[in-house]
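Contents: one structure, followed by commentary.
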């Protein structure tokens, strides 16, 4: 995730063009460029298909609808991005509150239980992160007493597996009498958040904007950029090429950014910093429950951002 | 539901035109084509009703309002689509949390009860799916001990019937003392989600966008497309036909896609994958509660999507 | 409430013009027509006040703001419509969940109590419906044991009165020990939904969009339609009349539909089907609690809609 | 708060111009008028600074951004208005549910307690209303047994003071055993709504739209109206004055209405009817808890609105 | 935070230009000015690159998309501002309700406990405020009995540390029997709000609008302002400079205000008054729990705003 400062206006513009999204834009624009060169040369030297006055207006009518659809697409993509961020924010908040709760509830003599919850709650974030990134990496998870990870192997859906184990342990403590009835109610409502967050993120990942809308916007851009050179070539001559390229850059760019933003769980530049969030969750839980954590992990959990204020 | 990859831009455009929605668009466009041919020939060879300069501007004023109304319609349709998806997402989440909860609560010795809840909770999704698709197919439901399905026959509203049975069983376990008071509170709040989801989906299905708005947008498009040829024929001649066809395609297409998206529970290409979601819910519940499930069902529950990242 | 099929495009257009809303539109449009005839005749034969080029542009600037305000109005009206629908949807869902809950909780030996709750919960919807329609019709309510309706007479606000009786009965069962502590908590949270729904609907009914906005949009339309003929008469001649009528139809129509939609509890064509929803609630409750209901009432509760899919 | 009927289109237009908002608009417009007269006379008779073709287009580009910003402003103001209304609606709903709850819970023999809650819950609305209107009027509050109002004197923040007393009384009844554990939970969740509503309303009141946005829109309008006469004087001559006045009326009006609506707790024509809502709350509570209330107060609590339907 | 009165229209315009945001705008505009002077002189005296008719239209098409993107940006920034304000509002509300709750729950004999909660709940707001402003200032926190602040030193994340101590104290009172089971449930649900608010604010702070969007809008403005002089110089001559400056002012200004508003926790003029809100929370808690507070602190907690109404 790129973080930027408030005042580096010109720098920001150059900084952008190195990610995969930018490559994707450039690939498309090179097709547009080839098309424009052919059209311009043919028009100016061989055939005259120039459309005059009215088409410009005709195009501007379509341009408004296209602009509105692009903003609709931008809004939708941003909502998905932000919903994903909010879900992970909820995970952070619940982990912290739950850690303060368990810290007060579990006496220091129950070190094993304290360790179990600290490790497993932290694991949930890492497991969810990997699940959302189509990876099944257990090396980032930590064992409490050498049994959890081996049990987890039997689950296809790791976050489900982790929560299943947490519920079982909670039930044991409740049967034992360590957790009272009213505490159970509070714990249950906090624990229900975990799989909600997991489900929300999976929903965002597996439900893109309906194909028809995505398709329509692509078609619109294709039509618009395809017709444009004929309507301006009369006035612009060879300047048609940079002019239409500038417009194409804006339209194609917005569309591609929308596609990247709407899948916020990847590892591209605009995606969510799930690694850092998972590490921060682990760090917070350990600090609150007064468990040791190596300093190197503490540093890794720091957000890599800087807001000049 | 069509799932698409990020980079297949041109392919996506051709892929679209085979569903029923596309047919519906083509049917309307063929009417427009016939109209355009008649108008163009009559105008160019027999009568001169060409409207000049001002009408173009006049049309562009209406065009902005039409564009805004189409985006309003698109927004509304998408909100309904997404609300439906969110409701099913909630169903997924609650089923998972409830499964981890019951798995911890019900000891292995209560195999019958474990089976009952696993089967009936899974059945709810299938029953709701069929209910939303106006079907009453009990073959997809599974019996726990041979009594549930026969009781269900007496209910017109199957999801209600399933929940009624689940509540009765829960009440028995509570009376028996297996479920404590505080556990009952947690269970009750989870169980209340099921009929909420059912009601939300039924509401989306039975309440289309108010008829007046739907009608107005149709009328707008008709007026706009009907007047358009007269205002551009002077400049375009026979090119009027492809030009107005392109505009009609965009307007009619957006409207029809809106109509399809706003009823997200059907089986069209842009509708929600309720079959896959129901199977995934059953799979998750069985995995969490450690009940056997045939591998063939496991494969069927995999989401048929692929995001190249 | 008009329900429409997906494919009856042309039919839908003619179907619309018979309700009271349509009459209201036609009344206004006849004023516009009279104005247009006078202006056109005076302009073309007696006086020349024709505004040329610039006014058209001037008008188009105002047209964009007017379009945006109309879409704001449409959005606001639709939100109110949908909030009302959502409130009634919540009423449906809570009634169903509560019915499954009470069905499991109250043993068959407590037939009187089962009857009391089934009748009174059903009554709530009918009482609310009539309250929202400014009627005080007790004939649609059903007595459980001959005492409820006579007590209700003392209440000005019938939904409040019904809920007051339900709470008293619930308290008796709780004192008696039939309802346990944890069940009381679940019941209380479900019962609190009823007066929330009632209050939400009353709020929608009693708080129209602020008068200033409503007024401004009306004034805008008046100004826009009033100036328009002068700017196009030069080009259109007698065609000014149909052209401005078409624009007026669209603007006035959108405004009037907005006014109708924003009060969704009436009995107009675009209003919510409160009668059918109330009957469906009663039917669901009786089915779930296994109480007899005459088949004729069952049929009346069927939603009168048909989605061709 | 002005309530209007559906069909009084022309009447509504004239009805509007008597409130303070209208005065505020007229004051600004008289400045615009003076400016316009000076500009027009100087331009037509002494100096020629008329800007031609391009400026019109230049202005229309800015006009779109201005229109969008005005709609953003309108939306924001309306959201605040509606959030305020929703908060008071929540207050109404919770008071009703709580009244039905306490009516069932407190036996008739505890008349003092019934009276205490009825009076103090009603007082909360009046105290909040006055607090939001910067008044500290205790005369509208009612004492239950002669002690409440004198205690309230010690509080700067009256709604806080009322809730503090209610909580103390609730705690006494709980200690006494009249309120059971599960009832306490329900009561607590209802009581927590009161200070939430209070806080929401205070937040709306104390946090206007950020100054920069408010300022920018004002500046935009000033620029737009200031430049406009130069771009149309060539075509319009002395008609420039009414034309620009009409545009100014629309722009200034929208801005001023936005400022009025966004502070919905005042006593202007578009503000919320807090007096009537407070009286309705008191009436509802007394009716539900079967306490006497003078008929004159009953009449005062009737909403002063009329929807012709 | 600037608070403004309703009627100081002209004054407001001049008041604005002294903050850091304004400086930031002026810095950028001086670059634009230099560019404009060079372009205008070169164009008018040396080279002729003037683009005529079509580019104007071409620019207006892009102008609409730019306007929509700027409004999207404005909306997004305002949503973040308002979400931050709402989070702090929730903190205010919960503190008040919790204070009334604890005041009724803790008998006067438990003065130490009353003091502990009053001080620590107040401290949370100050700690959060400093945390959001990247400061770690413990001097604003108050000790209850000389132990809290020294324990806090061990925490990197002060709000977490405060909540951990509050939970421990609550657990002690519960074990002691002072807090009953049902009271614990209410307390737990109130206490969970604190770290939620903290997490929401941190999320807003650490997740700016995706870099790509921020970048695109900057690029758009650069392109638009860069091309504009060539399209109007033909008509305007040296008036090109003030005209393009006015447009640049509006575009650059909106973008910069968006950047300031979207980080609402700083100390700039449009940021949230966190100091005043923290002091108000402390004041409210002390008043409700009847603890002494110096009058000077009471005055400091008064909101520094004035709404003339």
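Each chain carries a letter (A, B, C, D and E) given by its place in the written order, and its residues are counted from 1.
We take it that a contact is a pair of C-beta atoms (placed from the backbone, for glycine too) under 8 Å apart; a residue touches a chain by one contact, two chains touch by 3 or more.
Fair warning: this is a prediction, and the values are worked out from it, not measured in the lab.
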Setting subunit D aside and leaving every other chain in place, which groups of chains remain linked through touching? one piece
Work out which chains are contact partners of both subunit B and subunit E. A
Same or different interface residues for subunit D and subunit E, judged by whether over half of the residue numbers are used by both? different
Cα superposition angle of subunit A on its copy subunit E, in degrees to the nearest 5: 70
Separation of mean Cα positions, subunit D and subunit A [Å, integer]: 38
How many angstrom between the C-alpha centroids of subunit C and subunit B? 24
Spell out, as numbers or ranges, the residues of subunit C touching 2 or more other chains. 57, 60, 64, 68, 181-182, 185, 189
Select the category (line, ring, star, complete, other) that matches the graph of chains linked by touching. ring
Mind sorting the chains in ring order for me, with subunit A at the start and subunit E directly after? A, E, D, C, B
Subunit D-touching residues of subunit C, taken from the complex the two chains share: 24, 28, 51-55, 57-58, 60-62, 64-65, 68-69, 72, 76, 133-134, 155-157, 160-161, 163-164, 166-168, 170-171, 181-182, 184-185, 188-189, 191-192, 194-196, 198-200, 202-203, 205-216, 218-220, 222-223, 259, 263, 266-268
Considering only the defined contacts, which subunit A positions touch subunit E in the complex? 1-4, 6-7, 9, 12-13, 16, 21, 56-57, 59-60, 63-64, 67-68, 70-71, 74-75, 78, 81, 85-86, 89-90, 92-93, 96-97, 99-101, 103-105, 180-183, 185-186, 189-190, 231-232, 234-236, 239, 243, 246-247, 250, 253-254, 257, 260-261, 269-270, 272, 284, 287-288, 298, 303, 305, 307, 309
